[in-house]
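Note that subunit A is present in both complexes that follow, paired respectively with subunit B and with subunit C.
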Partner chain A sequence: MSQSTSIGRALDDERAFKYLLIAPAVFVILLIGLYPFIKLILTSFQNITMFDDDRSFNGFIHYARLFGDDRLWESLLHTAAFTAAALPIEILLGYLLALLFLDPMPLKRLFVAVILLPTVISPIVAGSTWRLMFDHRFGPINQIIAFLAGEEVKLLWTVDPFLVWPAILVAEVWQWTPFMFLILLAALSNVDREQLESAQIDGASWLMTFRKIVLPAITPVLFVAVLIRALDLVRLFDVIWTMTGGGPGTRTETISIYAYQMAFREFEISYSSAIAFLVIFALTALVIFALRRVEIAR
Partner chain B sequence: MNRGAKGWRLAARLACAVAVAAMFLFPIYWLAAISIKTPEEIFAYPPVWIPSGFRLDGYATLFRDGDAWAVWNSLVTAGVSTVLAMVIGFIAAYSIVRFRTGGDHLAIWIISQRMIPPICVAFPIFLLFVSLRIVDTYTGLIMLYTAFNLPYVIWMMRGFIQEIPLELEQSALVDGLSRWAVLWKVVLPMSRAGFFATAVFTFIFAWNDFLFALILTRSDVITYPVQVTGYFGSQSTFWSKIGAMSMLGVLPMIFVVGTMQRFIVRGFSMGAVKG
Partner chain C sequence: MPNLQLRNVDKFYGGVHAVKDVSLEVPEGEFIVLVGPSGCGKSTLLRSIAGLEEISSGDIALGGRSIVDLPPRDRNIAMVFQSYALYPYLTVYENIAFGLRARKFSDGDIERQVKWASEMLAIGDYLQRYPRELSGGQRQRVAIGRAIVREADLFLLDEPLSNLDAKLRDGMREEIKRLHKQLKKTFIYVTHDQIEAMTLAERIVLLRDGIVEQQGAPLELFERPKNLFVAGFLGSPSMNFIEVELEEGGAALRLPDGQSLAWTGSLTLAPENGEFIWGVRPEHFSVASGESSDLEALIEVVQPTGSRTFGSFSLAGTHVVAELDARTEVAADRKIALNVDMERTACFDKLTGEAF
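Up next, the complex of A and B:
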């Protein structure tokens, strides 16, 4: 009883109340967010590997190693190139879909539901599904291509070095175009119809209307959507894990796959910590830069 | 534009919509088809486009071998962590909005937690879980998903709570309700649509996670995505298991989209507008 009254008194005290409310959240984030981050920085200066457990300060040896690690830069290049390829496709397809569904249409809700389904399923399931789809013998993709081409094809989508990235791109675009579609649909719905109609009456060209009315309306929303997706693409792991496992060789290794291999397969704990710190540092710089640019633009 | 042209336009749009929907649906159809095909049909060349019957052997195998436990584990970890993250996140968001606890810096620090790719902190978290002896336990995975989703919940709920007029809370306080009661009897009901949309997403994130489950489970609380990847080996005979297990992971999502489409659309567009 006395305990409940003391809690009751604390609840009446606004100052204590506001800290009580936020305490659990801060505790959990400190434990799972901040503690691992500090641990990560410490580890990157030690020398912990499968064979060694040297916890003394080792200086910047692991950071120095980053510069000469071709596999690391290759995985970063893969990640950046894939992001640069996937994002414009998703935006363009998402925009076209949004235009298609902008005006009222019978069964619109059902169509939208079907289209957004890929976005809510697990990337692991998406990857598995596309691996089955792309199977050179029992999958339907080669059959469809064969039907269109009029001759038998045996394309090794998940093995051939020149076909693996396109295959992964298809899976990624399939899963995440609906996200861009939904966001652009919401943004386009907010564009002022009367303004569009009066522009049409005034004889403004399609391009002119797009640049002067539509683009300003969707840009802020699109910017955030691109930021969210870009951060997602940097952590691209699951789809590649199921479709190719990073192979053939290291052909489809992204930074997340490489960091995983280093930490959990080769137990290069300190070196993988240095990689992780590099990624976090680069991402932070990139996001701050992007946000600044937007502020300037406004 | 006359009526005929309008009709044709609508017909063309409908035709496009059907084609697009079919393209997005086909891979999931193919997965579902594999899960109910006979082994002969799965490994037929050329492939069988429509299964001859509706066989649940693949699913029966999963339940008989006990592999289906993975789905239960996913349900428990995603469900419990969603409830925890929503409660903790909701009260934290309220504190940030109403009392400006921690100022802008705390809010930005919290959301910036979400920016870090999971793999970057995976190993230190693994070490932490080893020392706490919670690797491969419900407690561990629930704790992780709760923490991982908290920034998202706080950020979203912050936006929804900001929209609630302060007068409502003040009049409730004048009526003699405690602050704690105001929180649950005034603020929560006022933001319930947003609360629900956020909860749906929180559940989806945890339900679909792979990387943390891969690292932090061994056998006892293995989740369904980890189980699915376990079937990819040199042996291609596991196709029906891949199909069935994946479908067990997809079916709840089909249910979610079917019944809560409004919330998902809202959640996606809110995320981008307020992000």
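Up next, the complex of A and C:
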């Protein structure tokens, strides 16, 4: 009896020691993860602006305001539409590029490294550079178009409401297609060569081979890549911020830019907290839904 | 049904000459085995026939028609890969049906063909499973099933048994042979395993460094090897090579350890200075029963396998293995008297390695 309790105590001691070991890590995670999140939720129920020191709670007023905020829904629509446009283009271009690099070729590593360069550039720098590229007077894009067209062009890429989104799309696709390329290259290199040869001998068309062999083999990897990129695109901020600042007007305002504007231009701290919570809620729901799908597929 | 012809086929990989001027005639319905050590060009040759590799020069013809410019799908061949190359995301049924679907067969035809193949290979119970749910042997059967459902002119098998364990391999070997008998199609089978080559082939083509060293019926190659390489490659344990000297008059052989034995072998044309390499297979030895014996050996290691026993001894540094009757009482470190079946031994030139 006394022996078993002493064993029990030893086990308790051991467990306590384990908790002690992970305590610092848990503390840091709580501090930088959970605390701001709770603070965010609290703030969204308060009445904080930067104009006064009113910190009173006002219930769901900010959340009610979300529903009537046309600018908010417009920015969400921008975000969704841009994600829906950019993602397939990045996948397709990345896939085609990866196909090019599947076969052995001289200096392959060097070429891959060069292709990957855009992704290692800071988005802020990339955005600023693309704004210069698209500048209507000095930008090389207009000059190239002028050269090809044979006459002077003054396309207002970062101002014209019909040209700003294509310009941002070019910058974003330029920067992130290499990411898709790299992941798809790795996935495609792992497709079993003998299976492809066997399909060749069986007489399968390109489409049949792709649908029955290649696509199922790369789907898990492709899925993760799409998820990462989708999350990136939903919180897209820096490239647009540097290229157009969300303008003209609110034409290129995404949800992130709108939340930023609300917090640091309009100083509506509590309201922007409510927006941020909405975004977090939506993204979490998206991720959970996506992971479910993966598990079902398995 | 067409026969296969290879005419002066060459294949270079960059600077490597993998297949060197190989010509081969395969009549319809023959079971031919390409065998050789790794890197001898046998797989390259098979893949060239399949159209998975382009040949550098020469011609491959099926039924008199050149197929070198045809893509694999138009050559009407079927292939079984070493890794099986089953499609992991399709069921066994769909794996077998794949080639038929690709060729737009009707659902009824597909079902009939798959049923026929799966019954023949005894995999009818697994049709709705996925390849990952099958054992190695079952996967192998599916791979074969996928090859036989299409009415291909030519079956190419690339080391199909090398991923199986020894026991399964023996069983599948027999089944492949039976399959060939039933289908009456041309089989080209690549292996590095000389036992598979000997047991399966109607004709063996033995390759080394991209060159056909010798081709012919298995026993012909076994009994009358053209050179030291062929003699050493076929047979397990392999042939013993002993440097000997024919004594003046050609009546006796002097072994490296000084023993001499009366020579009644078939060597008629004595090489200059009488030295040559004497090829004796383990089974050419037998324990001397009566008074007379050909040579004495100090057995160093005994390896009983149950059905037969191998005893190793050395003759002045030359390692020799003799196959002995399993019931002989032999112990290591004992001297025994051996007889040699002189008529069946082989003699090779010391310099060129060619058989006399």
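The rule we apply is simple: the second predicted complex is superposed on the first by the 272 of 298 C-alpha atoms of A that agree within 3 Å, B and C clash if a C-alpha of one lies under 4 Å from a C-alpha of the other, contacts with A are read in each partner's own complex, and residues count from 1 in each chain.
The rule we apply is simple: contacts are C-beta pairs under 8 Å (C-beta built on N, C-alpha and C of every residue); 3 or more make two chains touch, one makes a residue touch a chain.
Here the structure is a predicted model, which means the values were calculated and not measured.
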Applying the document's definition of touch, where does A:Ser205 land relative to subunit B and subunit C: first, second, both, or neither?
second
Which of subunit B and subunit C A:Ile213 touches, first, second, both or neither
second
Partner chain(s) touched by A:Ala225 [first = subunit B, second = subunit C, both, neither]
first
Between subunit B and subunit C, which makes contact with more of the residues in subunit A?
B
Between subunit B (first) and subunit C (second), which, if any, makes contact with A:Gln195: first, second, both or neither?
second
Doubly contacted residues of subunit A, that is, touched by subunit B and again by subunit C
none
What residues on subunit B touch subunit A, complex-wise?
10, 13-14, 16-18, 20-21, 24-25, 27-28, 30-31, 34, 42-47, 49, 88-89, 91-92, 94-96, 98-99, 101-102, 106, 110, 112-113, 115-125, 127-128, 143-144, 146-148, 150-151, 154, 178-180, 183, 204, 207-211, 215, 224-225, 228-229, 232, 239, 242-243, 246, 249-250, 253-254, 256-258, 261, 264-265, 268-269, 271-273, 275
Which bits of subunit A are touching subunit B when the two form their complex?
8, 11-12, 14, 17-19, 21-22, 24-26, 28-29, 31-33, 35-37, 39-40, 43, 97, 100-101, 103, 105-107, 109, 111-126, 128-133, 137-140, 143, 174, 178-179, 182-183, 186-187, 221, 224-225, 227-228, 231, 234-235, 237-238, 241-242, 255-256, 259-260, 263-264, 269, 272-273, 276-277, 279-280, 283-284, 287
Which residues, counting only subunit A, touch subunit C once they are in their complex?
192, 194-195, 197-205, 208, 212-213, 216-217
Please name which positions on subunit C make contact with subunit A in the complex.
50-52, 71-74, 77-79, 81-83, 85-90, 98-99, 101-103, 146, 150
